[in-house]
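Notes follow the structure.
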Amino acid sequence: MQLGLVGLGRMGFNMRARLRAQGHDVVGYDPRPEVSDVASLTELASAVTAPRVVWVMVPAGEITRNAIRELASVLGSGDLVIDGGNSRYADDRTHADLLAAAGIGYLDCGVSGGVWGLDEGYGLMVGGADTDVARAMPIFDALRPDGERAGGFVHAGPVGAGHYAKMVHNGVEYGLMQAYAEGYELLEAQDLITDVPGVLQAWTHGTVVRSWLLELLVKALAEDPEFARISGYTEDSGEGRWTVQEALDRAVPAPVISAALFARFASRQADSPAMKAVAALRNQFGGHAVRAADRGTATET
Amino acid sequence: MQLGLVGLGRMGFNMRARLRAQGHDVVGYDPRPEVSDVASLTELASAVTAPRVVWVMVPAGEITRNAIRELASVLGSGDLVIDGGNSRYADDRTHADLLAAAGIGYLDCGVSGGVWGLDEGYGLMVGGADTDVARAMPIFDALRPDGERAGGFVHAGPVGAGHYAKMVHNGVEYGLMQAYAEGYELLEAQDLITDVPGVLQAWTHGTVVRSWLLELLVKALAEDPEFARISGYTEDSGEGRWTVQEALDRAVPAPVISAALFARFASRQADSPAMKAVAALRNQFGGHAVRAADRGTATET
Amino acid sequence: MQLGLVGLGRMGFNMRARLRAQGHDVVGYDPRPEVSDVASLTELASAVTAPRVVWVMVPAGEITRNAIRELASVLGSGDLVIDGGNSRYADDRTHADLLAAAGIGYLDCGVSGGVWGLDEGYGLMVGGADTDVARAMPIFDALRPDGERAGGFVHAGPVGAGHYAKMVHNGVEYGLMQAYAEGYELLEAQDLITDVPGVLQAWTHGTVVRSWLLELLVKALAEDPEFARISGYTEDSGEGRWTVQEALDRAVPAPVISAALFARFASRQADSPAMKAVAALRNQFGGHAVRAADRGTATET
Amino acid sequence: MQLGLVGLGRMGFNMRARLRAQGHDVVGYDPRPEVSDVASLTELASAVTAPRVVWVMVPAGEITRNAIRELASVLGSGDLVIDGGNSRYADDRTHADLLAAAGIGYLDCGVSGGVWGLDEGYGLMVGGADTDVARAMPIFDALRPDGERAGGFVHAGPVGAGHYAKMVHNGVEYGLMQAYAEGYELLEAQDLITDVPGVLQAWTHGTVVRSWLLELLVKALAEDPEFARISGYTEDSGEGRWTVQEALDRAVPAPVISAALFARFASRQADSPAMKAVAALRNQFGGHAVRAADRGTATET
């Protein structure tokens, strides 16, 4: 089928390739002319025959909001917009209402798989009306892993459900990564273990902890043994925070996901104001030595 | 090759079956005559031709210690004992020394895979000397997943390394399980999600969080939707505690693994002494209502 | 000086008493006629001579918002409103702007001390303009602990700073309470300790952990030994959640405050969906027994 | 009364001074002749009239064990040894048995108060037999805060109870410090707060979070505003680890105390192996940038 695709970055570019490889007619738009098929959203609207399906794959927040608003004006009644970005699920209702005022349908679709999705397919979590989902199903089928009728896709509920499921997916991802990371550090810390990469490699088959993330960890260590070339400075892209906020709003205990998130926050601090306070307190009551700030973390006073 | 196998419980029984299916000659001993091939360890020693290899697959702690001690007396110089149970890695040196005094070699082997190992193969983490590992390699090859030269087995280091790696494996397992569990609860807590099992099913393909544990979670929900038939009371078998203790000993931050462990502790408390103290404090300073103990958790005072 | 006081609940009632005891002329309004000095906010505005100072001490959220809106219409230019409730600090700017449109000044004041404030004085954290703070200073001086020029009061910054400081105060409070509570449970869990209340009592003098909260814990145990009469079911009043959300927004690691909050969430669950998932997983891979839901937490299957 | 005092370091030196100021006859021994009253433990035994009471105030572990062993040989039947150091409570039974074999009594006494104890008195937690406690009571009374019959001292139970109570005290201390530290960082992170030390100062009176530790935090900030001169590198002295291990052994959830401990571990890492693993994973699946190790934490690749 024919699809308009807005956003040809790391994700959208690969998705266009995967869809075309499966015979779909994709008209892609991106502000960078070297990757774009058309010069503007207006041109994209002309190039796709109504009733159109247009997939938005741009960064969450202001950029997505602007794209939705512009599509509301260039598309028309009977068209369907799918937001495949990492938008906050609470924004979906707003987007759906905005488009509905112009007679345009809306689906939110959480997409997982990263740079591997081109070859392996993407995991898709969709929110919206049954009829809209049915209409876009050929696209979902082309994006999901090949031959996987039983996995890689879910119609999770009404508008918002797709992005909510994706948000939780990412929160879980934080916890999984931190669990492996703590295990990695515990293996590194024990001299008995003479082959840490070998242990992780062994874990990838037959064990309870085998997973795709574990395979990636093995691959990463093969490329950079002992992670000598990288620092532990770790960004978070927002969905982990949203997951913890959701836990707060719904009174769901989330000690693991929040601990994983806080470890990332801490990884980005050159020094911790909180730990300065603890060190100062120890010095106050016990006369324990503190380390001077200007010496960095390498020398003790 | 020929193997003596001590312990034919849930794990040992399946391992005997898998080894025999691959053509090995296994003489199994268990105190329960209905599953045992021989009547005693002495008889097992007679039934296996020296130099013997004997695999111990019994509960960690006293029972393993007793088995090792008894084997030290019935086996002889040149034999090899493999402890495949979940022994604490610090015990391995003791066991190795005890057996070495009788000229008997020793390997420790962490085994993962649970009840699925019979068909899918086991993940094996081995500690000990190169020559001992080489000698037992046909057994390891039969137990590990079929055709997996690159995974499912590691010679992790000297004596103790196998059980250390298995201990960390189990600690990681706690963290992974809790991460999925928090995600599950967050999905359940959101009315927008009309198909929680479907979301988890979708995650099993194409996503970053796909794993074998996730597949088991999908399977468990298929068997008992919304987990209506089970309580959250969750045991811990000791290796999670050992992992956190190791983190303490090595000053390795382990917030995720410890949070997962503490969640299990809390799941087993009918009421929490700590939270009684918090509730009492709130009442003291703020006049906030407390809930009466005899009303259970269902009614507010 | 003269003060209008809106809200005569647990906090406001005591504050009126404390202010009057120190010679201030307080006109209190509350919807419950049995405690109110006037019949309406309009009547309160008439009873207080302009330029008026009016203190709002009602539950945060809708009720405070309504009170502020109504005061904006019954008060006049040159008057001053102080919100002493537990409002979210982000609301203060809105309230200040609303009142400023009518020429009315605004201060936000976080108040700590609970039911003890009547006798011991309240800790006050104030946000707003210097001139407004100066104007209300006699009231602040009467409410803060007697003779404490060096403590119990701070002008923390511009509008919003008072409630932000109070929010963080409450977050810290969560952490402190949980720390004592974990210590209490560890003392209870050890048979060697034959006098748990005595240990806590001893801690109240000379030790590093001495505090007012600790004294309250001793008092609570004296009233209800072993907390036999109360359950661990513990509410949270919102400020702990806001504190963690603030930590998320500012990328501040807050493992202790969040752990304290999650422990409260867990205390209110009859059973934990997350732990059901963990128990189900253990059963799936290891064949470990699960406990039946209908048997409660008392019997194993 | 007369007391032998072994160890005149930071704690013992001050304790001798406090005891002498209250009229007790203290014979102190320390390997450093400039502070010692006698040249050896043998000389100390001669200088104190039997039946003797000897207080040991030396670092826990090997040094304490050696002191106890030596005292067992130089003291005699009817004497009493008090271990006032931070020994692990499990060692107390061993020490008591060793001394009992020579007819010598034993008390374990956890001592809190740090460098402030000289003037303010020490919090004391004692384990042992009633008769031994009664015999040493004049010493305990002189060390505890003046005039505090209701606090600062507890006979917590039999041998071991004193050090157990002190261990838990220190675990609680970790949690309290981290709670204040997180609050401090949250105040620092918010521009609205123009007077962070003032907020903490205000909290010291009238609020729910007032405590001695909070007063020390105010004092520390007065001496080093914004903690500009110190780093967050924070040691742990062992008792926090023991507390968490005890939580593991007794299945007591201790999320706050363990989080506080792990924050200290993390504060001492120049870079985190675990977070390197997380950063590497993000790069693997999402193509997210990692920061180069050799650039430190200041530049992004």
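List of remarks:
The chains carry the letters A, B, C and D, assigned in the order they are written, with residues numbered from 1 in each.
In this text, contacts are C-beta pairs under 8 Å (C-beta built on N, C-alpha and C of every residue); 3 or more make two chains touch, one makes a residue touch a chain.
In UniProt terms the chains read A, B, C, D = Decarboxylating 6-phosphogluconate dehydrogenase.
Computed from a predicted structure; not experimentally measured.
The chain with its C-alpha centre at the largest distance from the centre of subunit B is C. When the CA atoms of subunit A are superposed on subunit D, the rotation angle comes to 180 degrees (nearest 5). Subunit A and subunit D have Cα centroids lying 45 Å from one another.
For the pair subunit A and subunit C, the distance between C-alpha centroids works out to 37 Å. The centroid of the Cα atoms in subunit C and the matching centroid in subunit D are 32 Å apart.
Looking at subunit B, one finds that residues 114, 178, 180, 182, 185, 189, 208, 213, 247, 252-255, 259, 262-263, 266, 268, 272, 274, 285 touch two or more other chains. Contact residues of subunit C toward subunit B in the complex are 10, 114-116, 177-178, 180-182, 184-185, 188-189, 213, 216-217, 219-221, 224, 227-235, 237, 255, 259, 263-264, 266-268, 270-288, 290-298.
Contact residues on subunit A toward subunit C in their complex (touch as defined above): 208, 236, 241, 244-245, 247-249, 251-255, 258-259, 261-263, 265-266, 268-269, 272, 274, 285.
On the subunit B side of its complex with subunit A, the touching residues are 89, 112-114, 117, 120-125, 127, 144-145, 148, 150-158, 160-161, 164-165, 168-169, 171-176, 178-180, 182-183, 185-187, 189-190, 192-195, 198-199, 201-214, 243, 246-247, 250, 252-257, 259-260, 262-263.
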